[in-house]
């Protein structure tokens, strides 16, 4: 998923959280570095490849969590309130975590082990992960029996038609767009032309695209094969929306839910209460458990506050947790260096995000590969790690594929950043001289947050040493990605970060580097359009065996980093999370990229 | 007839008849720029029922003297020496609580500008009643009635209502009347009126003066009447003391001082005073020069820098030697008695028309 | 009295009107397009235009302003997010919550912060100031004067973080400041605001100490005060009955201004302590170029200032009979 | 002095062998020890500000070097100096800034430089505007007075801080330069502009009052009668007489503006990293990074500013007293 959410939060917190904005990035502390090893072991585990499950795997109920008890109330401390509850609008990580509890789609991820590292895609509301007969052009889904919305109305294919058609309406603008693009067989935002007003003005998608022959069947017809559909449909963004209850814009604040929990009350920016959904039938759900009776969310809880509360582990905080707050760097040593009891309450892992500095291919000077190599050598990673809170919050990335995605290669490090994260100015300068571009003007657009200001100055300084003439340009944080997303933006280099939408590099490489997808707002921020890459992408997309495709993607990744150099990978984002002592079933789920809310129970 | 004291240098014991007697008073206070000797060896007495007029330019120490009598100076910055006997009670050494009993009770004061001197925040009635309650221990009610009665006495029409008014609702003259009412509410034996009429226009002035005289008849209190206006003093005071640069330069009965003034400064004052009967061609001739700095008073005769008659004395006496104020009817000047007489008769009088 | 009220309120309305215009123009000078925010990742010219239309940003500025006024006074049902009764500031571009509700939601924080601090600093400030004036020139006075001078020269953005660092981060004596609803739990409400209160009122109290002292001393030099003493009134009586009253006038003036400004959003304080008050709301609205919110807060803060001025002027009349309200 | 005999004090002071008020003021001022000392302190700050480049040259460092990258051994991975007290050492006198590890000493003196520069500029602008509008309103009276009066009322009703925050980005965006770095001077100019717009009212009010009072005074009347042009009267008669309130006010305004400017930078809308600035140091000092690990850092901007403000306020008081010894102390 793109870091769209985070950027808004960053922006919000710039002023909102004020002094506390650097919550995520304060003292890595001189003592955090030794914890670093434990932490890495803790986090270093690779996502085993994922298979698509059949009917057998897709039948509920979900495997019981060992030792789980029912009952109790879970206190959930979150920094950011949920901006969107409408599935179609959900994309960012913490709304994603919430969605696992309240929204269900055709497919979903089922844990195959209790470590959060093994998953398979199974049918959630559908009887299986989907059947295709023509290599991914046509997909057929059959709905299970006895599936209901929280208001008791049964879920039918009509609801799914509504769900998918409304994605084309203009007020749905935050969610994922894979499915829409596949249906319309276009790139960028052109898909909206397919059904400009969504289903609301009486127009509907033709059967040649979306077919709902009866109340239980949903059939997709694509022009090109999309073997990844089961993954895509597992995204919260494609969870079902009630046709009867569809209130358009207002749905975003009060949706009709389907998961094991329903929203009892939601005060934007303050609190939320989830209670058991009586109309949720475990027998239909192979993925979720429903142990705790109630979840009380409170928002505006900064990282260090949730950490302090959960560390203290008194009163309600014993049954407390935060789905998305990480342990703040100030307390990281207390947590990781702490006694076994505390460590037992913590989980750590990689987030699916990988940071990169994009090099704008649209600017002539930068089409000279030597210049780009110079940039790649000169670029220091330390400032970024520093700004985000030190080694416990981020580590040097080799490629664009994160450790949470199958195919990650830890040894890959073409620019020697892992050995020398400070960058290699001398080498860069030499290259730049060779290219005859000493003193080349580089306009560096940076996100105008305290972090951004901090590391961009350091990076600029390093690039200056390497013989560039760097011009820093601040970009308002909350529209940062819109600015750098423009093809004809004014910037030569700018940072961006991207996370896999599902644990396959097919949600990293194509969106970021498919030259044919270049458009305003497309995440191909460096506008690379490389024939070989495009070809390889198509090839890899056709591979239906996950393991083979993973290998193929990693090859493209390495080619991109080493030979195309349209961007320089910077950091893999990591986080450590903690829960109260009475919280059971604590697992860091690689797909969610954080604690798995579906398994939690009160000891 | 007021008996005037012996030489200031050797103060006589307080006169039995005198109700207030001030002996060799020295007042000086620290300012940003140094010590100001505001009053420098002053002695005088006041009797019940009589009026002493103190004349002099501003800064001659008139006001200070009288503030000192009631101890209204700021002890932090001021040092006072000498003795002040009010009805036999020593005031300089008296404790604050003692003084409080005296103020507004035995001795009251009327200030120059009734607008600023009355509190804007309380009704006239209340302000008059307060001292009565304090000194006579009267009840609110009684005190209020007394206030109304006093307002009636000082000639405020419809006092019952007016008592409820605030000072700003009064006219200038009425305010001064109210002030007087306030001063006399405990019928004090001594009333100090510090330029009570300067802030008022001539007609009102006259009324106020008459009022004061009438009230003096009625209450029989002694009055110290401070002014720089000889015209006013003429029909108020029984005796006059002329002050210059912190000490008395001439004293005598009103008649003596005004008919046959002996001190060049007094001449100057008379000279500079506009007269209704003087014909228009006659120019006003103010005393040349400005009052001296009390930080660095002139040597010898304080007046010599401005005195046009130094040469008559001859030598440097005026500059070196400070003239003393002789007992009784006297003036502090080195000119001989007949010099004074002749100069006045031949040179000053004509100009006074 | 009535005439006074009417006149002042009319004046206030005019000022608010002008203020809203200025803010409106200011907003349209803003470097970035609010639509971009709502447009999200799949942003293309068409959807952008669409959002412009939804927000009414495609209309001319005067037209938009007119609509704003109309909604403000008459309310509106034109909003996709739902009905919007007067006073209608519309819905936030960013959160889609109704602006008025949002402001009312943030108000308690600011009010608790401000009034709580105000009570303390007024009492402490005036108290010490008067004592200093009473004991003028003594050691006590000198220490008070010096101390208040130094403290009043400190800034919230120094004292605040310092307090946080010492009391919260290093010693863990207190929890980090936060706003908890009073009705929900008075204790946490109190404990959450204690540090902001202390910091805010320390600084203000020191300023009021200085004011009270000098104002008192000035009053003590007034002639009518001397008259009161000449009447034989005791020093205490004169001090508290005569001097005190007058000394209040300048203080009340300043207090009115301070209170107004703080109630309109104690920006730096809320920012320093991360309290979700109006001040922070304002700053967010600027960050997100959220016109409805920005206008709402701007007008609200201004009204607070005006309201307090009005109250102050009314207060004059009570203290000083010379002031007539007309 | 309660009930103290005022008139005599006057004669005491005013009559000191006919010295001009200016000389008198100077004499009194020199006599006032606190005043003189604080004057020296203030002067010291301005000196440091002016000589910042020289000082840092001698000291051999500049506020822009990112020691966290140049001398990584001094920092941990989050950019916190590893030595105690924020890495204070014989080499880095005031230690290193957490984060990018700027040298605090040079950053502080350059920060003071920036802040004082800006505040000084605003002060000048404010004073000029104040004089212009205040005196005009007071002297001309009538419609002009009314209009200016209303303008002042209006601007005073502005939530100023809020206005600053709202208008800073706007003003900055007026100078957008697409390919180049937004130069610091743009932010500086913007800061000066916004503070100026809402800064001049109080001064103007006071001057209006004084002028109004003066206008009724005889010598002005005289000048009028003698047919002097308004401009001449203002220049020769009024201005010399408003110098006192003007000077006093100004000495109070400048520190107020310094803190204001710092406040904006603290809120992040003023001067931003890497440009050194007093307020920007405060915003750094209020970050988790510092609060958690390095309180030492916040004392350098903090204490220096308190000292500066105290000194300046004391100076203001002495100036006021020197001009007018009667005022309460």
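Every chain is named by a letter (A, B, C and D) in the order it is written, and numbering of its residues begins at 1.
To be clear about the criterion, a contact is a pair of C-beta atoms (placed from the backbone, for glycine too) under 8 Å apart; a residue touches a chain by one contact, two chains touch by 3 or more.
All figures in this text were calculated on a predicted structure; none of them were measured in a lab.
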Of A-D and B-C, pair with higher C-beta contact tally: A-D
Farthest chain (mean CA position) relative to chain C: B
Geometric centre: closest chain by C-alpha means: C
Centre-to-centre distance between chain C and chain B (centres being mean Cα positions), rounded to whole Å: 55
Between chain D and chain A, distance of the C-alpha-averaged centres to the nearest whole Å: 49
Chain A-chain C separation of Cα centroids, rounded to whole Å: 41
Intercentroid distance (Cα basis), chain B paired with chain A, Å: 94
Shared interface positions of chain B, touching two or more other chains: 72, 76
Residues of chain A touching at least two other chains: 14-15, 18-20, 304, 330, 476
Residues of chain C engaged with two or more neighbouring chains: 31, 160-161, 164, 169, 225-226, 229, 271-272, 283, 286
Complex contacts: residues of chain D adjacent to chain C: 1-4, 6, 153-154, 156-163, 165-167, 169-170, 172-174, 176, 255, 259, 262-263, 266-267, 279, 282-283, 285-286, 290-292, 295, 298, 301-302, 305-306, 309-310, 313-314, 326-329
Chain C residues touching chain D - in the complex, by the definition given at the top: 11-12, 15, 18-19, 23, 26-27, 29-31, 149-150, 152-155, 157-158, 160-162, 164-166, 168-170, 214, 217-218, 220-221, 225-226, 229, 261, 264-265, 267-268, 271-272, 279, 282-283, 286, 294, 297-298, 301-302, 305-306, 309
Chain B residues touching chain C - in the complex, by the definition given at the top: 70, 72, 76, 96, 100-105, 108-109, 111, 113, 116-122, 127, 130-131, 134-135, 166, 168, 179, 182
Of chain A, residues touching chain C in the complex: 2, 4, 11-12, 14-20, 83, 91, 170-171, 173-174, 177, 188-190, 192, 248-250, 252-253, 268-270, 300, 302, 304-305, 308, 330, 476-479, 481-482, 485, 519-521, 523
Footprint of chain A on chain D - complex, ascending: 64-66, 68-69, 72, 75-80, 82, 98-100, 169, 178-182, 267-268, 272-274, 283, 286-289, 291-293
